[in-house]
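One chain, subunit A, links the two complexes that follow: it is found with subunit B in the first and with subunit C in the second.
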Partner chain A sequence: MTRHLLTAAILGGFVILLVACAEMLGIRVFDRIATNLCISLILVLGLQVFMGNSGILSFAHIGFMGVGAYTSAVLTIPLQMKGMALPELYLVFKGVQLSPYLAIPIAGLVAAAVAAALSYPLMRLSDAAAVITSFALLVVLHTVMTNWSNVTNGPRTLFGVPRATDLTLAAGVAIAALLGALAFKESRTGRLLRASRDDEVAAGALGLHIPHLRWRAFVLAALFAGIGGALWGHFITSFSPNAFYLRETFVILGMLVIGGANTVTGAVVGTFIVTGAFEGLRSLEGSLNSAKIFSEQVIGLTEVVLALAMIAVLILRPGGLFPSREIGAIIVRALSKRERST
Partner chain B sequence: MTFALQFTIDVLSLGGAYALMALGLVIVYGILKLVNFAYGELIMVTGYTLFLMGGSGLPWLVMAAVAVAMAVVTGVLTDYIAFRPVRAKSITAVLITSFAFSTLLQNAALLFISPRPRNVPLPALFSQTVEIAGVITPVRNLVTIAAAVVLLAVFAWAMRRTVLGIAMRAAATNFTMARMLGIPANLIISSAFAISGLLAGVVGILWIGRIGSVVPGIGSEPLLVAFIATVIGGMRSLEGAVLGGFLLALIDTSLNYLLSQELLKFRDAFTFGLVILILLWRPEGLLKGPATGQRT
Partner chain C sequence: MTGPSDKGASLRVVDVAVEFSGLRALDGVSLTLSPGEIVGLIGPNGSGKTTLINAITGQVPLAGGQVVLGDRPLSGLAPRDIALLGLSRSFQIVRLFNNMTVIENVEAGALAHGHGLRKARAKAEALLDEFGLSARADDLGGNLSYGDKRRVEIARALASDPAFLMLDEPAAGMNEAETETLLHKLSALPASRGLGLLIIDHDMGLIMRLCDRLHVLAFGRTIAEGKAADIRKDPAVIQAYLGSEAGIGAAHA
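The block that comes next holds the complex of A and B.
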């Protein structure tokens, strides 16, 4: 028990430290980066809940982020803006305007409900087939978001989403997500699911209903993604379906893989490292562009470096930086070892 | 009658391209259990090679041959650089590596060439149409059908009659056993990547022939098609991949005729919905292929 509390305290401490730093520095840019980091953290933790415990790679995660973002947007865009932002909106939603703080949890629940309805048959698949169908699911969600202009304004940018997310809210939700992911990992479902991850045949022989266990984790992950997406929507205030596609998937996956998909610690550490590196590279890209050293704009440098880093981590440390033990367990172990030796 | 012929030509030409794409993906999957996300980028490499040679004044066939050769070389190189070091690790690690490598290649094209579409040189043949029994059809559709028939026939012959082909089929069934019987693993894997590159190159030429230009993201649609076709057909069976390709083309073409304009925008969603239904019915795909699923 101590080690779990220690893990929660240390990782939560990271987030609180980040908020404290941002508040003390008071620079707008840093505030924005920290908020983005907290939102990414919610998404990465959601992915960790499914991928870390079930061992199956899921590409659909960012699709549910999109579901959350659009749900919350439709519910909260001010009435006088609705005619302009969503001209083809269904009549039922025309008169609806909720507080963002109410819409964000609803968005999470809608994403979870969509996931629950769509994913049950997919959970029977393992390995490559599971990955490919989750990829197909991402494409389906993206196609629907791009073409369902009644609700999403089609491929065009949706604007007029009220700004509601600040650093404290994002950090608060991130800490809640952190505790949720840790609690799920140690819950009965989480433990059984990890048993199925390590040996599917043995776990099935012991009577586990593997598709059902995976399904629970998937729905929980979609809840995280939906809430993360809604928070992001209320932070950025205008977005288009392309925000929820392969590029975002790649970044979120990169964070989880570099940190280590099997542990919550890995998810947190990966998010911090990759966000830091990303912001650094993006400002480098920006200064290269404004200095006009090259004749054309420099695009894609950030992704190239992240891809190389991911491949390097997979070659050198295939489990990521924290492959199997949470930080709390590592510390407790180290302490007890020292006690024994003295 | 005219409609039936039109429909058949549409399905066969689309299906031929889809089947080749799926085959290129599944030949690597069968041996390595690796779903190669970077496969679509081989098509991109083909396109950019054609574009870069656009001003050289060589005959088009030579340019096309060089472009296909570049796809083969890139295919083999991805194996050496990215997959060989992680091959022994978990399936997920290999998958993520291929996804990262795909992003790497795409963004390298963005960074070093341009995000804007580039026109590629194409022979006049690709924009002509012919009339067969009252049906007007682009010549490139017939070229696609011919290329698919020839390549599939050669491929089927090579897999059954040549030593390399038999060795590759053995490796796909049970890799450890094949190695114990003296089949060199690296040679087999490199050949698989080379064949995969060859198929991607040919498909790339045909695919770009439809569009006429190349962008960094050009590989994503063929990749998706190949994914879905292999999942429908059965991930472990070469025949399954071909069957899946033609079946997917049949579904796509039928939906093109059946769906109203309003719903046609959602065609991809319908197709993938159907795929999910097929998987509900047969999680293994339509054809099962060799029994061993374990990666060795």
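The block that comes next holds the complex of A and C.
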């Protein structure tokens, strides 16, 4: 128990430290970066809930982020703007305008409900088949988002989403997600799911209902993704379906894989490292371009480095930086070992 | 969902056949395992011992015959349903949850049968203590020695309070002292837990001392069954098993 509390305290401490730094610096750009980091953290933790515990790579995660973002947008765009922002909106929603703080949890629940309905039959699949179907699910969700003009304004940008997400809110939800992911991992379902991740045959022979365990994790992951998507929507205020597709998928996946999918610590560390590296590279790119060292503009540095970092991690440390133990467990073990040796 | 529905019932394998793409791996094998007894399953390599355990626990489909627990047919049920009826097993090639700690591995056995987290922890601690694994409780399953892995696997199988336990070469990879300790642990199980034990092993010394009855397979068929002492003298067994008069007696000595 001590070790779980220690893990929660250390990882929560990271987020609080981030908020404190941003508040003290008081620079707008840093505030934006920190808020984005907290939203990414919610998404990465959601992916960890499913992928880390079940061992199945899921590409569909960002699709549920989109479901959350659009749900919250439809519910919160001010009445006088609805005609312009969503001209084809269904009559039922035309008169609806909720507070974003109410719409965000609803968005999470809608994403979870969609995931619950879509995923149950898919959870019987393992390995490559499961990964391919999750990719197909992402494509299906994306296609629906780009074509369901009534609620998404089609492939065009949806604007007029009220701004509601600030750093404190994003950080608060991120800490809640952190505690949720840790609690799930140590719950009965989480433990049995991890058993099935390590050996499906042995888990079946113990009497586990593997598809059902996976399904619970998938629905919880979609809840995280939906809430994260809604927060992001209320932060960025205008977006198109392309925001919830391959680019975002690989960024979130990269964060989790680099940190270590099996642990919540890995999810948090990966998010911080990749966000830090991205922002560093972006400003490097900016200064290279403004200094005009090269005749052409330097673009795509972040993507190249993320790809190389993922390849390097997969070769050198396939489980990521924190492959099997949480930070709290590592510290407690190290302390008790030192005690024994003295 | 918790434990077997009819404790005290016997496990009967009736005229079971298993085929792998036309090849008969098991042909008309019948065997009975009652609570409180230890039955040894022996035979040369490739005789179908592991396949018989796989057939009982639902890992391979039957081509004929049936497996019955009390008067409940198990044939056709998924491995998980069979496990929930109280049949537990270990694997010939150890299958631990390598990224989980030893205690989490054993807890999984109890959790799978509906126990809560606290109860599962208490059960796991008791089992680790019983198998001398307490010092390893916090190590990852994948980092253990082969002998320790075997013991964790047995402890995990026991955590679900099975009515029948099937062990596939539990002593493989253990040294003599470890084997001796294991022998004492295993021989006490039927009395202390009221379970029936089916055990495959190549260590004839272990098998002869441990088992009440032996069942001998060769080429997927039963060639002998009965008391250990009789089996040792059975000419068909000596012929099939080692192909020489020296036979099992030598292996035992």
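In the analysis below, the second predicted complex is superposed on the first by the 331 of 342 C-alpha atoms of A that agree within 3 Å, B and C clash if a C-alpha of one lies under 4 Å from a C-alpha of the other, contacts with A are read in each partner's own complex, and residues count from 1 in each chain.
In this text, contacts are C-beta pairs under 8 Å (C-beta built on N, C-alpha and C of every residue); 3 or more make two chains touch, one makes a residue touch a chain.
In this text the structure is predicted, and so the values were computed from the model without any measurement.
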TODO: Determine, under the contact definition given at the top, whether A:323 touches first (subunit B), second (subunit C), both, or neither.
DONE: second
Task: Which superposed partner A:140 touches (first subunit B, second subunit C, both, neither) - done: first
Open item on the list: Which partner chains sit in contact with A:205 here, subunit B, subunit C, both or neither? Use first/second/both/neither.
Closed with: second
- [ ] With the two complexes superposed on chain A, say which partner A:197 touches: subunit B (first), subunit C (second), both, or neither.
- [x] second
Open item on the list: Tell me the contact category for A:262 with respect to subunit B and subunit C: first, second, both or neither.
Closed with: second
TODO: Quick one: classify A:310 as touching subunit B (first), subunit C (second), both or neither.
DONE: first
Task: Contact breadth on subunit A, by residue count: subunit C or subunit B - done: B
Task: Touching partner for A:246 - first (subunit B), second (subunit C), both, neither - done: first
Task: subunit B/subunit C common contact set on subunit A - done: none
Open item on the list: Taking the touch rule as given, give the residues of subunit A at its contact with subunit B in the complex, in rising order.
Closed with: 55-57, 121-122, 124-125, 127-129, 131-133, 135-137, 139-140, 143-144, 147, 246, 250, 253-254, 257, 261, 296, 298-301, 303-304, 306-308, 310-311, 314-315, 318
Task: Complex contact set, residues of subunit B against subunit A - done: 29, 33, 35, 82, 85-86, 89-93, 95-97, 99-101, 103-104, 106-108, 110-111, 114-115, 220, 224, 227-228, 230-231, 235, 265-266, 268-269, 272-273, 275-276, 279-280, 283, 285, 293
Open item on the list: For the complex, give me every residue of subunit A touching subunit C.
Closed with: 186-188, 191-192, 194-195, 197-199, 201-210, 262, 319, 323-325, 333
Task: Residue ranges of subunit C in contact with subunit A within the complex - done: 57, 59, 78-81, 83-84, 88-89, 91, 95-100, 104-105, 107-109, 111-113, 116-117, 138, 140-141, 156-157, 160
